[in-house]
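Each of the two complexes below includes chain A, the first together with chain B, the second together with chain C.
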Partner chain A sequence: MSLGERLIATGPNSYFESPVERREALLGILLILPAVVLIGAVILYPLAYNVYLSFTDVPLNPNQSPQWVGLSNYVDLLTSGQFWSAFSTTVLFTVGSTVLSTVIGLAVALLFDRQFRGRRLVRGLVLLPHVTPIIAVAFVWQFMLSPLWGSIPSLLADLGLYSSRVGLLQRSGTALPMVIVFSAWRNFPFAFLLFVARLQAIPESMYEAARIDGASAIAQFKDITLPELRGTIAIIVLLRGIWEFNAFAQIWLLTRQVTTLPILAYRTAFANFEQGLGAAIALLLFVIQILLVIGFITLFGEDSV
Partner chain B sequence: MTMHETDSPDADAPEPTADSDRTAEASAADSEGTALAREMTAEQGGETVELAALTKRYDSTVAVDSVSLDVAEGEFLVLLGPSGCGKTTTLRMVAGLESVTDGSVIIGGTDVSRTTPQNRDVAMVFQNYALYPHKTVRGNIRFPLRKTDLSDAERTRRIESTVELLDIDDLLDKEPAALSGGQRQRVAIARAIAREPSVLLMDEPLSNLDAKLRVRTRSELRDLQQRLGITTVYVTHDQEEAMSVADRIAIMNDGRIEQVGAPEEVYRDPNSTFIADFLGDPSMNIVSVAGENTAGATADGLVAGLAAASPDRAAQVGIRPEDLYLVDETGGFVEDAAPEAASSVYECPLTVLEPIGRAYELTLEAGAAQMVARARTVPDELRDSDSVRIAFDRDAVYAFDRNGGRLR
Partner chain C sequence: MSWLTIIAGAARESASGVRLLRQQVRRDGRLRRLGFYVSLGLTLLVSLFPFYVMFITSISPDDAIYANDPSLLPEAVTLKQYTVLFSSETFAFTSYFLNSAVVAFITAMFSLVIGVIGAYSFTRLEYPGNTIIRRGVVVVYMLSAITVVVPLFKLISVLGLVDTRLGLLITYTVSTLPLTLYMLWNYFESIPVAIEEAAMLDGYSRVETIFRVIVPLSLPVLVATFLFAFKIAWNEYLFASVFLKSQSKLTLPIGIEQMNANFSNVWGQIMAASFLTTLPIIVMFLYLEKYMVEGLTAGAVEG
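For the complex of A and B:
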């Protein structure tokens, strides 16, 4: 019988059998209270207020209260091309950078899954993209991608792959791939770390058994490594997916040519000062994400995540 | 690479024909599962394994030091020794999982020292079973068969007869996580023998089972090996296990083989104090009888008596706990069993009396030394710190020289 069922069956007064138990329960409530209050104040209240705002038109004058406009913000959004184009950009960005960072992370982790001199040092270095302040690396990338003196356009030009006078980050067609590459570069160490930890936990004897059984390196990867990493892949894809979907800084700092939903929400609320509309975008972002996570977990199964 | 690579297919060449004969016979008896199993056992055989001055060195340490050993066809050989003695390294070199520093591994007359594991026609059962956790039992057993040139029907038949043999046919569609330790162990063995390798290697296969199951499984293992007639090299640190399954035991210490022989032989006739001490539980009582330490201990009768029963040049003498006998006041033996060559009776202070279920262990003071005696019955009134009357079997006294070598 669960606690809830017992409470319903007996009522709160008779549920706790002795005064000692009741005191214990009170103490427990007291101890979690600060955390509950804090979460309520900084998460639940803003969330609820955001829901409220999304149904209103917020005047610029702080002395005037928001005007209830019902669903009109949502109707505007769902019928606007801007929203849907930002939505598809977000999906492209999320899928692209999640897949790329996971694949790179896995590849590098596999390279590190053997003994070599200086392994610990190099492993530390691999983490650098992830731990360096994003403002610093974003400017370095901007510099590298600069059409005037950037090394990447110059290299691409030498190879004959790039000849435009417009910078890679300044054209919307190339800005999105660049942002995806940057995000994957910045975040692959996260996947790398989780993969390295999991790879070390796969018993060596499994590979030895496979060697005796005559399995090639590719077969060993397919039949042992990959199935063993399934859960790790699922968790990495889920977390990275959530984070990339909400990503703001790594896009905003690099280019203004890529408009994803978080950036659209920011622009609407703080550049155009349509805060009700901005709140509606944020809320839709939230709802879409919840649906995606639920879909992902049903697809992959709760156990592996 | 080397010429062994080209040699091995020739050596294997007769096998496929034997296989196809078997297939033909098998289809005749197809309806009867047990007949299949029986027939599989009759046909499966082993190859000889020969280790010639096999050595493994890691940087400065020598893990295996020039080990030479011949294992006959169909023999069950156990490598026994304390941890770190090099027994597992030796086994892994036979499997090809560990490179050979020096010397050679010869299987069925072919030098395979530089051959990859899959070309040695060996199978291995690992301590942790190393089952593939995401494959079903069927998938696990099928895995090593994928690389053989068998037909699909033949593979299925092999799987069926193997699970029949090991009595795990009801587990085929389960995953390893759903199995008990004993079941996993059987699946691991099934996976190893399904390919019908010429040599079966086992690395402490029973050490993850609980005590009762271990005892039951080891006799089943022995039975299985006898029926298959497959050459088996088995590593364990458990002497009781080694004694019960082995045709011959090779006892290793410090990277070397100290003695090879039938279980009874190595127990009854140890070459050195190491083996005398290692085999038997509780271990043999070994005391020095030469040198200054014991010169003053002549007052102690028991050690002096043991020394008197052994050659003069003996530096150490040993006696097993079960060869020390309790004697009552009248001079008769407390137990019915009496040694033929009983010594005179010595009085020893008793320090600890320990009941261990089916017997008692008595720790005695014999001068400066401590000795352990084992008795099936003790007088009721016997307590710690009493003194007991002890006689020993004069025929069961072992004499060793200063370096621990046996004097015969």
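For the complex of A and C:
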């Protein structure tokens, strides 16, 4: 009988079978308490407070309390073109960078699915885009892409592919693709790591059997590797989808030409000082996020959480 | 779009790399091995090229950086960008660096201590709510900072913690906690309970067991966890950009951003500052190599 069932069956007094068990349980609660209190104060309480703020108008003066305005923030949002354009930009960005980083991650993982000298070192180096400070890599990309001094535009110009004096990050038409490429560069190592771990777990005997049957390399990939990777692909796509949807710094520090929902929330709350409106955007982001998390849990079962 | 072509090329090449692995007996093995090394080289080129540009720019004199025809090889080497960075009156790089180091170090310490006792509680002690809290931690790990930053800023202002290190320390500790807890409980689960039972038979209490048995047994993982928490705090941008106001408290990401916003054509110094910001993380990850899979993919690896 689990503890929970015992609690329901017997009530709290006779809940624990012995004083030792009771003491252990108390100690357990005591030890987890700091973490729970902190997470509660810094994440759960703000989330609830955010719901309230999203129905108010927050005055600039922190000593004045927010004014209840009902649904007006949401009405403003859902009827504004800015919100819907940010929404579609967010979806494009999320789908683009998730797909690109997953595909590149898979390709590089397949490349690493063999023994070669220096494999561990090379694996470590491939991870660098993912672990280094966002500020540093965002600025070096800005510099590389800058129209006057950047190495990429000049390389493209030499190849005759690009001739504009307007920067790739300054034109809204090219800024979004650039941000997607940057995100894919930064996050493909995450997919790569998960794929490498999973590929190692596929028994070599499956491939041997396929070879005896005369299956070509493409057929082996399609009929063995891909089906075996299906769960990993789903996990990566969902997690990356959740994170890309809420990505802030990796877009904001690269260009100001791409406005996704997180950036709209940040601008609204901290540049225009409309914190109630900002809270409403943040709440919509949270709802979408939770839907994705629930999707994650239903797809992989509670045990994966 | 040449990046895309390169990437697509790398993808194609890597598929052939696998075929190579599976069919090494084929006669054209040598050609395939060449294909493998070419695609490996391309992967490394794409991954590391920005770091190369960062470093080369940081040691180039200004006239080479702003030349009409950018060159990929340094024509002259100078440390001027770094000396300007450290002697600048308007740009307090040293202070930003120290602020970042202090905040990241204390965050990682807090996170580690709270994480060790919390993770021990999850793995060894039974109480109602254990599983629910544990799952809650994983869900919290998936949430992003942007969804709480607006209300958090309001709370921080009410508590008078705007522009204080304490405000950053608290929020950073919480953002690192889910990962810390996850990494530690994964490891604690692999330590045989029998070791602790023996210690308790010798008269150790539970709390003594944690610090005298579990902690010494987990030292490498504790170091890895500490460094991951340090990295998160060191790299953090969003909270710092909203919570900090005064120059003397800024951390590196905000400091570098302000340098970019307030001055034009200081790419040499920005790249030097970026390189110095990146260096500790690179050194750290060379050491962490063994733990990278767990730390970077926590929550996504089953088991």
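Throughout what follows, the second predicted complex is superposed on the first by the 255 of 305 C-alpha atoms of A that agree within 3 Å, B and C clash if a C-alpha of one lies under 4 Å from a C-alpha of the other, contacts with A are read in each partner's own complex, and residues count from 1 in each chain.
The working rule: a contact is a pair of C-beta atoms (placed from the backbone, for glycine too) under 8 Å apart; a residue touches a chain by one contact, two chains touch by 3 or more.
Because the structure is a prediction, the values reported are computed rather than measured.
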{"item": "Combined model on chain A where chain B meets chain C, clash or fit", "value": "fit"}
{"item": "Residue contacts with chain A in the superposition, chain B compared against chain C", "value": "C"}
{"item": "Which of chain B and chain C A:Leu159 touches, first, second, both or neither", "value": "second"}
{"item": "Partner chain in contact with A:Leu71 - chain B first, chain C second, else both or neither", "value": "neither"}
{"item": "Partner chain(s) touched by A:Trp185 [first = chain B, second = chain C, both, neither]", "value": "second"}
{"item": "Partner chain in contact with A:Leu291 - chain B first, chain C second, else both or neither", "value": "neither"}
{"item": "Chain A-centred angle between chain C and chain B, computed on Cα centres after superposition, in steps of 10 °", "value": "80"}
{"item": "Touched partner set for A:Pro227, first chain B, second chain C, both or neither", "value": "first"}
{"item": "Which of chain B and chain C A:Val36 touches, first, second, both or neither", "value": "second"}
{"item": "Partner chain in contact with A:Ala209 - chain B first, chain C second, else both or neither", "value": "first"}
{"item": "Smallest separation of CA atoms, chain C relative to chain B, angstrom", "value": "7"}
{"item": "Common interface positions of chain A, toward chain B and toward chain C", "value": "211"}
{"item": "In the complex with chain C, residue positions of chain A that touch it", "value": "3-4, 7, 15, 21, 24-32, 34-36, 38-39, 41-43, 45-47, 49-50, 53, 58, 62, 100, 103-104, 107-108, 110-111, 113-114, 116, 120, 122-137, 139-141, 143-144, 148-151, 154-156, 159, 161, 177, 181, 184-185, 189-190, 193-194, 197, 207, 211, 217, 220-221, 225, 235-236, 239, 242-243, 246-249, 253, 262, 265-266, 269-270, 275, 278-279, 282-283, 285-286, 289, 293, 296, 300, 302-305"}
{"item": "Of chain A, residues touching chain B in the complex", "value": "203, 205-206, 208-215, 223-224, 227-228, 230"}
{"item": "Residue numbers on chain B that touch chain A, as the complex places them", "value": "95-97, 116-118, 122-124, 126-128, 130, 132-135, 143-144, 146-147, 191, 195"}
{"item": "Chain A-facing residues of chain C, complex", "value": "1-4, 7, 10-11, 13-15, 17-23, 36, 39-40, 43-44, 46-48, 50-51, 53-54, 57, 65-67, 69-70, 72, 114-115, 117-118, 120-122, 124-130, 133, 135-140, 142-155, 157-158, 170-171, 173-174, 177-178, 181, 206-207, 231, 234-235, 237-238, 242, 252-253, 256-257, 260, 267, 270-271, 274-275, 277-278, 281-282, 285-286, 289, 292-293, 296-297, 299-302"}
